[in-house]
């Protein structure tokens, strides 16, 4: 079964990898085996490791992602920043241990600094404190929405989840996050030193 | 070849099985003082009620040195330390720890023997960011110090 | 000799410092297991520290004391070689006892 | 017999945890006591206790250095075993010994390898913890002499970067950069020798948040839970491959387990 390989060359065929994954994992509540199948973005970003794939492939993929973004039907991008704060704080959702009946969280604080009075923030992503200073122009609203919906439309192979495209958050939750980021009254935009 | 420590382990363990080890019946603790658990304070669900269960409203006293972390990595285990300078506050007979926002704020009470050090270190659960209270009784009077400890969420939110 | 309490006792400048670690789940009774069933309350309610036969501290605990509890106390007196003993009793009638000699 | 040295292990393991200082006060107050000290004793007792239909102890178990040799064995896992013709981690090797030496039922053993909420520890956790303590101070030196061991490394590297699931997470999402945090927890860069060594060297660890000792096998399962992937099987190829990848990256580091972690 196990083919002999040298230490330096990580050459594992995709067939072998699939077989190993199928053998090594089992359905666990809502976390089912289908989740191991990669879509084109995951495949491209896995194969290329940390660097984006070659320019032509990358451009095509990015455009596909951009074209697939769904904007709010009512044209209204901004919800309730208080509800958005709760979504940003909630790290649960879609884990085998989570209740599928409960809403998913965005877990924004895992990676980003947001409200300056929350000290428990991660650093994998850039600080978004004071994000509202960018204003609420139409292009800004569409840009921010797109980043949340599918980060790969702008930044292929970013580590950030595709909150809209993958159905992690609802349109209403995304609007609430938008307000949390952009509303001048949101704590994200308060108490800046 | 079997090592010395293994032999020691073997002889020591032959007589004590796994289950026996966990359910070992040992002597009931010797009771020299009368046990007087302040049950009313322990079942109280609010801080004022819990303090009432200890005998009233304490006044702040600087002789109580109450050490808790400003920010705790985990609310399941928050280390605390209570020391009382007996020159400024003599005759301390009881030391209590309360956590304001816990379902039952009363966490622990300690009876201190006369003529010894007033020094307690332990770890308590803190359900959410809130004030912790160190309450001491001396000559029938209650004194306290309080400190806020911030409890942080883990990486994946739980 | 019970292995359910680990104790260290050290003497310096007329004061003995005792540090004890106890093997106990300290269940609040408010948690549920993976199947959604309540895990019964199980916690130490009484704990005592002795220098020889002399009690130096006795405590009453609620379920808010952390799992595998740690207790540190200091008392006047004590000499290297003296016995220090820690005992506990829990809400289910379980007991624990451990002792060490002062270093 | 008191193992006073175990109190020291926790101190050794602490620097690997320190982030940017925000928890220094908390950790100072926590001091050096590690409840894993109980679990080490329990694991030692279990190793020497006759069990199973054959009523024998695990003293005949060969962890790679010969039957019954426990000192230093943990630090050399994962490794290839001729008798099974596979690369095994310490957990799968222990299960193999329980099955073959003690005649115990594999299904039953796999029913609850790791503690659930409210438990005080399982047999496997205790044995792994004791074995890790038996390697205290040993150099992490996973075997890479056999072609299967080298293949495991390559497979592990591939899986480390595999992105999948609704959140597009791979192991690398959190563990290929240095000096990053998730919330306030410092994330080890497992592609980096120093970080990998500090991480490998401090597992198994007493998890303060759970009041339990957890093993590396459990840690990987819980990572995949948080990655929103399906359930990782104990002793599976993915588990052993990732452990091999991390251990080879950590080679030369020093074992200081059981550690004390959040």
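To keep things simple, chains are lettered A, B, C and D as they appear, and every chain counts its residues starting from 1.
FYI, contacts are C-beta pairs under 8 Å (C-beta built on N, C-alpha and C of every residue); 3 or more make two chains touch, one makes a residue touch a chain.
Note that the structure is a prediction, hence the values are computed from the model and not measured.
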| item | value |
| --- | --- |
| Higher-contact pair (C-beta pairs counted), A-B versus A-D | A-D |
| Length of the line joining the C-alpha centres of subunit A and subunit B, rounded to whole Å | 43 |
| Approximate Å spacing (C-alpha centroids) for the pair subunit A, subunit D | 30 |
| Centroid distance [mean C-alpha coordinates] between subunit C and subunit A, Å | 47 |
| Geometric centre distance via CA averages, subunit D-subunit C, whole Å | 29 |
| Subunit A, residues touching no fewer than two other chains | 95, 109-110, 119-120, 122 |
| Residue list for subunit D, restricted to those that touch at least two other chains | 22, 31, 42, 120, 182-184, 211, 226 |
| Contacts with 2+ other chains: residues of subunit B | 21, 71, 76-77, 79, 81, 123, 152-156 |
| Touch-based graph of the chains, sorted into line, ring, star, complete or other | other |
| Subunit B - residues contacting subunit D, complex | 2-3, 6, 8-10, 12-14, 16-18, 21-22, 67-74, 76-77, 79-81, 123, 152-156 |
| Sites on subunit C touched by subunit B in the complex | 2-4, 15, 19, 28, 30, 45-46, 48, 50, 53-67, 69-77, 87-89, 95-97 |
| Residues of subunit A that touch subunit D when the two form their complex | 2-7, 9-12, 16-17, 20-21, 23-28, 31-33, 35-38, 41-42, 45-46, 49-50, 94-97, 109-111, 119-124, 159, 161-162, 166-168 |
| In the complex with subunit D, residue positions of subunit C that touch it | 3-4, 6, 8, 19, 21, 23, 25-27, 31-34, 39, 66-68, 70, 100 |
| Subunit A contact footprint on subunit D (complex, rising order) | 22, 144, 147-148, 150-155, 157-159, 161-170, 172-174, 176-177, 179-184, 187, 224-226, 228-233, 236-239, 241, 248 |
